[in-house]
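In this document, chain identifiers A, B, C and D correspond to the written order of the chains, with residue numbering beginning at 1 in each.
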Amino acid sequence: MDKMPAWADAVLVPLISILIAAVLSALVIAALGMNPFEAFRLMVEGALMKSSGWGYTLYYATNFIFTGLAVSVAFHAKMFNIGGEGQAQIGGLGVALCCLFIPWPHWSLALIGATISAAAFGALWAYVPAILQAKRGSHIVITTIMFNFIAAALINYILVNILRPSGGMEPATATFPEAVHLPTFQDMFSTADNVLFRGSPANITFFIAILACIAVWLLIWRTRLGYEIRAFGHSETGAKYAGISPVRITVISMLISGALAGLMAINATMGEAERLVLNASEGAGFIGIAVALMGRSHPLGVFLAALLFGFLYQGGAELAFWANIPRELITVIQALVILFTGALDNFVRWPLERLFLATRKKGTA
Amino acid sequence: MSDPSAIDPAIELKGISKAFGPVQANKDISIRVMPGTIHGIIGENGAGKSTLMSILYGFYKADSGEVWVNGQKKDITDSQAAISAGIGMVFQHFKLVQNFSVLENVILGAEDGAMLKPSLNKARGSLKHLAEEYELQVDPDALIENLSVGHQQRVEILKALYREADILILDEPTGVLTPAEADHLFRILEGLKREGKTIILITHKLREIMEITDTVSVMRRGEMTATVKTAETSPEELAELMVGRKVLLRVDKKPAQPKAPILEIENLRHTDSHGVERLKGISLQVRAGEVLGIAGVSGNGQSELLHVLGGMTTATGTVRVNGQEIDLTGKHSDGQSRRARGIAHVPEDRHHEGLILDYTAWENTVFGYHQAPEIQSGLFMDNAAIKTEAQAKMDRYDVRPPDPNLAAKNFSGGNQQKIVLAREIERDPDILLIGQPTRGVDIGAIEFIHKEIIRLRDAGKAILLVSVELDEILSLSDRIAVMFDGQIMGERLPDETNQTELGLLMAGVTDTGGKSAIAAVDAQLHAKEAREAAQHD
Amino acid sequence: MDFGTLIQLLESTIRMSTPLLLACLAGLFSERAGIFDIGLEGKMLIAAFFSAAVAFSTGNVWLGLLAGIAASVVLSAIHGLASITFRGNQLISGVALNFLASGLTVLIAQSWYSQGGKTPTLTGDARLGEVTLPFADALRDVPFIGPIYADVISGHASLVYVAFLAVPLTWWVLFRTRFGLRLRAVGESPEAVDTAGISVVRLRFTAVIICGVLCGIAGAYMATGLQPFFGKEMTAGRGYIALAALIFAKWRPWYALMACLLFGFLQALAIRFQNFDIGPFTVPVQVMDALPYILTVIILAGFIGKAIPPRAGGEPYVKER
Amino acid sequence: DPALIYDLGGKFDKSFNEAAFNGAERWVKETGGSYRDIEMQSEAQREQALRRFAEAGFNPVITTGFSFAEPIKNVASDYPDTKFVNVDGFLPEIPENVSLISFQEHQGSYLVGVLAAMASETGTVGFVGGMDIPLIRHFACGYAQGAKATNPDINVIANMTGTTPAAWNDPVKGSELAKAQIGQGADVIYAAAGGTGLGVLQTAADEGIYSIGVDSNQNYLHPGSVLTSMLKRVDNAVFEAMSDGENLETGKMTTLGLAEDGVGYAVDDNNADLISDEMTAAAEEAKQKIIDGEIEVVSYYENDSCPALDF
């Protein structure tokens, strides 16, 4: 039935799409009076040619993996969770409370505690929209958008009025105690005479993110629950026929989604900032949408798309360091990548399909 | 072409080919349809009938070939071109806007001018006219979603007639109709034919072909294998042309050996989300080793009955399975609990209920049973085992193509139905609920499905069969209960009743108590009323 | 609350509602035709920039408006290309276009004006003036009705009236014209439209372009009417609120008016009553700030019930796979 | 060469980042030197930027915004030869190669509060902040103290724009807030809200009342309507740090208040007519008294509350 080999669809199409996005980006860069090749070299060198560059790329990727997985799981149940942003911020609150008020003896225990706490807080923030959708039919897209705003207000209130150390200038919690410091890649992979990942924020959370990918993959494609989530996502009446409760699946998949978004805070809040700041999610919730869509809601796809966006973030930063470009250029490049790999993929796929079909016809004739 | 007759064919297709990617749906097809005739097209599921007609209607574009209409070559690039060539089509899956009124659907694309008002007024007038002329009554202001399928189909026909079609294509028009509705449709088609219109009719039902068509073409695997005059052929010959082997057209079964009642239903009541009571105190028994057929015009509560028994919705009353009461409202009133109690359910709507169309065939073979312990390994589902089992089931049920990794949506209707049946029957249930088992399914598959149902019966299972096909009810059931307006109007034995009497009961005419002692004349009279009553459902 | 405050509140409501309303109606056209659009924000933003930029350089706000509309329509066309022609994912396309607008506006503004993503301030004819309705001044002193007419209804920028007139117009187009019938049909059942001999692609493109025009007006109103300049990210999430309003309104024009007025009113209310005291408590500003969103959720959960989108929405029309 | 790192608000935030940029540009103009700068896009980039510039040999590395204090603390010891400067930040212990510069914004705000109270005819003055964060309360608090010291009966309305970063870039909402305050009688409004403040100033100009700009001199934006601007001379601080170059004194915290001309109010051709001699006299007197310690302007940070305003 296939019109072209699976590998071409999985590899060739995104590659060509990225290439087109890159060419257009190059035009924009050239229009700004810069040499695009030089810019590209800076990005690749800064993001991929040094361990510290990887340290940043993977740090960002970790955030996007979590939010991307969050959006994916909800997608499988045919819900559009735009609330990753708010869920991640509330997850950050969970991390902060857990790290500040429990005297952890060791980071490993703290990590477990914070993981549970972040997931629970994120899930909680998804629970209300979920239950309203399930029981009242309130459209999840609106309620999650609204909950992003409400989360921002809540965190703002808590940071300004409650958790801010007295006299502190910043709307942020106190720095977490040393005991909950998570090992960074530098801590983990450097030797005495060879410092790797110097100063970069990638930390052990990256492995949690990979575990999360595997867990989500197992959940969605290997468990009964995943089977039910996907079935519900494809057909609500079908789910009912099979004895799958729509309320239960709606709520559970949103809880999982919210928990995954909340987990992002382990990386950003516990791993990097080591305190809770305002707007700790920094738009990763929204990037997660693009990541999930580009990754076709498959954990492997999400992982790769998150890497791509990690690269764009870090490469963009490098570009900004050495080329003096406005940061909005990075936004434009991201936009082009999302557009071509995510929305205009058939622009590439169709001609390719025709090509393959033509060669196959020739082959059989 | 060496046809000496002076008149040009209404439709002549020459060498039509069409491929969907690697699938060759139509291969070099040529066909001539003479004006003022009814021309039947038959063929197995997936033979390419719908594709060919869609090309004629400009919905798909042929890869090669020519279309001639009334002796002139036409370039049918889109449906607009087909419409102006005087072609109208009633698709198998209606192309209606569900939340539009009948009137709006009729004028869509055939408006006069930019304002709606005048078009609507004009259409209201001509609709009235058409309705009188062809017995096509529908309420012009009703919303499509509130109409029965039969009425929706009338709207489709009206759409074509409103566009002054001379050539009308109907793709499986009777698949979803009740016998009364089907009869009515054929009267309409006869009427249209008398008016000089040309009709192309796709159907799986040989009885219909024999009854109404003048000529018939047979398709197999994308090719046109034969075109014959209906008067010069027989159902058996057609079936063989179609499937490529001899087909048994009648169900071959031994008398039932019913044992103890397995399913006992008492005073079952169900009220839907709009507050309408759809089941008004149903009481029934199904015994081991028998098929209880439920006849009825669709919309009289049969679907709700299946839904309640299958655990898709709640109800009040008592239902006992093997003597034990089951939960009708509480936590254990869902489909999974029903399956645990040995109730299998082949739903009426395979697209929306019985299958997840986007799931692969193997995933669908455990749909509803996915919680079963024997297909788990630890925390996970044992996909390898499920796949192996699926392959075996597909081979046993002759599902084509026998590829468990193919998505369900890529199978034809008959094969989809086989997947559902395989799943439900192979679980070895005590009770099988089965709704519209052969809707839209080709003859070869029907034969198979009927055999399976009887095999299950003979294995001592209780079978509750809901079908709008009286033929099917009569040939499969050991007992027949007739539903009307949420109630059981009466029970009959198939040998002691006939279509007329059943039709009477289906129309809500009170149980006369007699076996089949109604005078023939009387029955005829009532049957006519029954049909009319059915039309108002 | 005294009468004067109420008048101000209502006046403010109208101003805050207008961009929402235009964007909401824009979304309505697009989504009624089956094309989901979360790119309302980006279209408003790019329109805001180009309207301000062109109004500044030509000194004519109407040319600015046209430029804003043109820019917004270009994004619409890209959205159409991606989601209609190439049957791409409509959500991704919308997200991408939001990013694109957000980045491009500042990049261009910076390279043209070097004011950090801001355009110069518009003056005189480059700025959208206020319209005083007939007799507004004469009637002002009539009790009750006077202030309502003179202050709440009169005295807004012309595009405000355009927005409010767009509501009945949208209703009329949608429910009284052939185009509207087809538009609604294509969002419900594109195959019905196709088999009726109407081009799905053309119809959907038209809808998407109308969406672009309305978003263009919304953006232009923000950058030439509400403010006489463009500032980076100045739409500040209004496109998403408009989307919420659209769902809230169940994709109907009059309901859209109500939803946008409600959102506008809640925002105006929150602005006017920050930090207000109830007995011993001071309600923190954050609560007031979040109030419109909290109330939206409550209303949605309590009164609106299930909103059913156009049936074919979000899915590209594919007949041959 | 020196390097300059702007906080998340971005180079052109119409606030202190922009002031820093202006200072750097002035330095370039006057000395012909060159510098490199970067805008932060995320929290994680702070440390990265510090390290990259230090590694590349830039010196001093100047940062704006209190959020850089922590990262500087973390990296400073790794680059002993690099001098780090942070504007607005606070550290309990200051590493040897770090210089912190803080501004007494409350003092400057006090003075514009004095001017506002005198210019007001209605007895009501307004304040529009961006996001509700302590820094902005700090501004508001000084302002309210100045206004109330001048006119004890004065009514100070303080509003914040929002709770998301969009609060800094929403001139439309700034404009509505201004209108609301005008509706409540305000005839002078002080805006400390980045891009949102532009909407406040615009509306004040349109409605014929006074506004007060912030951080850099915004008087030119609407001559005759912007009463004055509360100056926070980040530009000077950056200019000087760049001029000192490698000779920059470090290991200490510099506090720039009225005495050091670190903060103040702007008078130029655009607003000369608006500030009467009487007002100048009052402001100058207050300034002197603050410098002399006769007036103590309470900082919001001191005990997280404001004597003159409810938050």
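Criterion: contacts are C-beta pairs under 8 Å (C-beta built on N, C-alpha and C of every residue); 3 or more make two chains touch, one makes a residue touch a chain.
Which chain is which protein? Per UniProt: A, C = Simple sugar transport system permease protein; B = Simple sugar transport system ATP-binding protein.
The model shown is predicted, which means the values in this text are computed figures rather than measured ones.
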What are the chains that subunit B and subunit D both touch?
A, C
Please tell me the distance, in whole Å, between the geometric centres of subunit A and subunit D computed from their C-alpha atoms.
35
Return the distance between the CA-based centres of subunit B and subunit C, expressed in whole Å.
47
Length of the line joining the C-alpha centres of subunit A and subunit C, rounded to whole Å
29
Scan subunit D for residues touching two or more other chains and write them down.
10, 132, 163-164
In subunit B, what residues contact two or more other chains?
21
Residue ranges of subunit C touching at least 2 other chains are 110, 117, 286, 289-290
All pairs of touching chains?
A-B, A-C, A-D, B-C, C-D
Report the residues of subunit D in contact with subunit A in the complex, numbered from low to high.
10, 36-39, 41-45, 47-49, 51-53, 66-67, 70, 75, 78, 88-90, 131-135, 163-165, 301-304
If you look only at subunit C, which of its residues touch subunit D in the complex?
4-5, 8, 12, 15-16, 19, 110, 115-118, 121, 222, 226-229, 231-234, 236-237, 267-268, 271-272, 274-275, 282, 285-286, 289-290
Complex interface listing, subunit D residues touching subunit C:
10-14, 18, 132, 158-160, 162-164, 166, 169-173, 175-177, 179-180, 183-184, 195, 198-199, 202, 221, 310-311
Please output the residues of subunit A touching subunit B within their complex, sorted ascending.
1-3, 218, 222-224, 227-228, 230-231, 234-235, 237-238, 240-245, 357, 360
Note which residues of subunit B are touching subunit C in the complex, please.
20-21, 57-60, 78-83, 89, 91, 95-100, 104-105, 107-111, 113-117, 119, 159
